[in-house]
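When the chains are written out, they are named A, B and C in that same order, and each has its own residue count from 1.
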Amino acid sequence: MKRYLSLYKTFLAQYLKILMEYRIDFLIGLIGFGIIQLSGIAFLYLIFAEIPNLNGWSFEQIVFIYGFAQIPRGLDHLITDNLWILSKSIIVKGQFDRYLLRPINPLFHLVSEVIQFDAFGELLVGIALVIWSMIKLKITVSFLQILLFILTIISGAVIYTSIKLLFASLSFWIKNSHEILWMNYSLSDFSKYPLSIYSKPIRTIITYIIPFGFTAFIPASYFLNKGNLYTCVFGTFAAAILSFIIAYTIWLNGIKAYESSGS
Amino acid sequence: MIYVENLSKEFCIYKRQPGILGSLKGIFKRDIEIKKAIENISFNINKGEMVGYIGANGAGKSTTIKIMTGILTPTSGKCQVNGITPYENRTANAQHIGVVFGQRTQLWWDLPLSETFTILKKIYNIPEDQYNTRMEFLSEVLDLDSFIKYPVRTLSLGQRMRADLASALIHNPKVLFLDEPTIGLDIVVKEKIRKAIKFINQEYETTIILTTHDLQDIEELCDRIIIIDSGKKVYDGNIKNIKKDYGYITTIEATFSNKNDLSLSNLSFGFKLDSQDLNLNIEDNKIIIRFNNKKVAVSQIIACLINEVQIKDLHIYEMGIEDIIKNMYKAGELNA
Amino acid sequence: MLSLKRQCEIYFPFSKSVIQSNMTYKLNFVMSICGGLLKTAVMYYLWRAIYNSSSQTALNGFTLNDMVMYIIISFITSRLITNSIDFQIAEEVKQGSIAMNLIKPIDYHTKLFFEALGKLIQELIFFAIPTIAFLIMIVHTTAGNQQISLSNIFLYFVSAFLSFCILFLINISFGLIAFYTINIWGLTYIKFAITRFLSGELIPIIFFPLWVQTILKFMPFTSLNYSPVMICLGKIDLKQSISLLLLQIGWIVFLFILSRWIWNKAIKRLTILGG
């Protein structure tokens, strides 16, 4: 564990150096991801000009959920972006060989290679929205709740990672699973709004099958005093652990099935 | 050290039908072809041995190496490296092997080479003092200092190959797998790499398996060779024997500067050999001689040549591995 | 000047090869449609909840049915007109292969256009036309108060084609920015975010505050999505439709000149830098 942390620190230092070299490009990426999140908020703002509340949720509450959704997403985006490349080209081109040749965990090796600083666009917007809406809603939080908040954020990020890992691992068999991954990743859009607006089958899918519901709405509703501790917080934690176990098992089997490439 | 028994690996290849209609059809039914990359390969390699693993393109060399290094899981058969089954216990195996794939680097593309070594030091848990002596040794034999500060992506092929070799040796592995470590390199770098390999083998008793298409590599480095062809082992033994038995055709190419027209008829070597064992060819001012070196020595041919023409340039080629295998088939040793 | 027919003969193979290579990975095509449908479904549920929460049946003249049609047609339009020419150019600049394209005896712009056209044709045949036909059927059988007339559909396709040309020209100009920065990814992402919002893909422009609507009149964004979709839904009369089409053509002329100008500058830079 200590070895991994120290390794990651070395990588991080290197990436920061590269980042400093390409400051402008970093800024551009940050703005890009920031703008797309903000356009979602602008959309909500326009809508709330027409209606007093959405299914019983006020504008500020919706903004809280929306902002909350960005944080685990951004965290996962920051750390595990290389999974997209895995699904798209690393396996097709037989470039996965190198991850199997070092005495460290191949998943760690893969993921540590890319730190996607663009993700700060999502993270910053998300944090800003959460703080803004908390002030507006006059939500006060105890120290314990801050800890629970961090726990749910990390669990949410783990759920994102697990879903990406699972679908990216399919490429060990089908070579390119980028589009399948993208399709399933699109499901995360559902978690940005209250689950009550969806029909039952969709709610079921988003909670029990591809559990993006746990990355935003479910934990967020606890902090808005609309859900209880057990389902919202511990449910999120359990969902994270379960999805990671499933995804990691598939990943391990994928490695066994890996075929490399002819040249 | 390395123990391989009845190893086989099959690949499934999905065939695509051409055209839009074909691809629609492909949704429902896919043609699968099973490709046997290697079949029932067995061998043993002892500690400190340096073995050449050779065969034509597509013979299955890289596939075998990938199994021994834990990248591929075999379809059937057994394989152990230093008592560990590589594809089942990958990280334990990786700790004591070193691997170079000449075709593809394993280094971090964007990081400076020096940084790469710092990271490898952490990955392999190498103690500081060992790391320092090792680093010193490697930069000396492989001449790393001139480019150690540059990012890997900016290195030339020769520099990158030396870097890859150094990175495979930094943790003092017990076994070293080299898949075409000299591909695309010039003579000077090739020589450097061969020297380093030889030195490592002698100094540290590192077991080495080497694949290559350059017979010179094999000759300078290995006493023992294993030849595979179409996935099957066809020879395992001493290199001198096989060259004596099957690699007997040598080619000499000489460029000469005589003004007068030289023709085959006025070149008489006076050897009483049929065309199988001696074969002459003239193109412009170049003469190509193929001969059986069991029947006549290189020196004899050159001596005769010097008598006849004024030589500007001279090359001597040994037989390539593909031709040796062809000869083995011809001799009926192998069942084609 | 070669005749148009001859030009098409030369360049049409580029379109064909794009279609063919995309169709070898038909699973990707299907999956990307599914992903888009999911995002559209989210919008559908969101709008349903919005209308449920509202005391009125129509917001800014849109009933829920109108809005559902709006987001579906919007989705179809955005699929039709999108192309990744900007990435393609950026990739070629990065790998230095763009110089190769300048040596060949073909016009690079035209070649790119026909490649984008290939994708358009593919989307038309395998997605847009079947989906729209299906929609018409549904609308007719459920006999809602709204009708999609065939003349509107025809005008829609004309307008969507013009949108396609506008986006193509915007993308060309964007791709060429790759000469100046390496993070073209971030830039195109900004472009994507802005065009998606300001073109009315997320929400009809009429929901915007008036001052924003006024500003947007002077920008090409609404011509990308809002115009064709409004034409299709029959929300505007024929005269207005024609004037929207003319506006689109105006933008094409302007952007064409702009992209040529940027291109010439970029080429100069290329020849100076030596690729």
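To be clear about the criterion, contacts are C-beta pairs under 8 Å (C-beta built on N, C-alpha and C of every residue); 3 or more make two chains touch, one makes a residue touch a chain.
Everything numeric here is computed off the predicted structure, so don't read it as measured data.
Of all chains, the one whose Cα centroid sits at the greatest distance from that of chain A is B. Averaging the CA coordinates per chain and comparing them to the mean over all protein CA atoms picks out A as nearest.
A separation of 45 Å divides the Cα centre of chain A from that of chain B. Chain B and chain C have centres, each the mean of its CA atoms, that are 53 Å apart. Chain centres here are Cα means. That of chain A falls 29 Å from that of chain C.
Every residue of chain C that touches chain A in the complex is listed here, in rising order: 25, 27-29, 31-32, 34-36, 38-39, 41-42, 45-46, 48-50, 52-54, 59-60, 181-183, 185-190, 192-194, 196-197, 202-203, 207-208.
On the chain B side of its complex with chain A, the touching residues are 11, 58, 66, 69-73, 87, 90-92, 94-95, 99, 101, 103-106, 108, 110-111, 115, 118-119, 122-125. Every residue of chain A that touches chain C in the complex is listed here, in rising order: 22, 24-26, 28-33, 35-36, 39, 42-43, 46-47, 49-55, 118, 176, 178-180, 182-183, 185-187, 189-190, 192-194, 197-199, 202. On chain A, the positions that touch chain B within their shared complex are 3, 6-7, 10-11, 14, 18, 94-95, 97-98, 100-106, 113, 256-260, 262-263.
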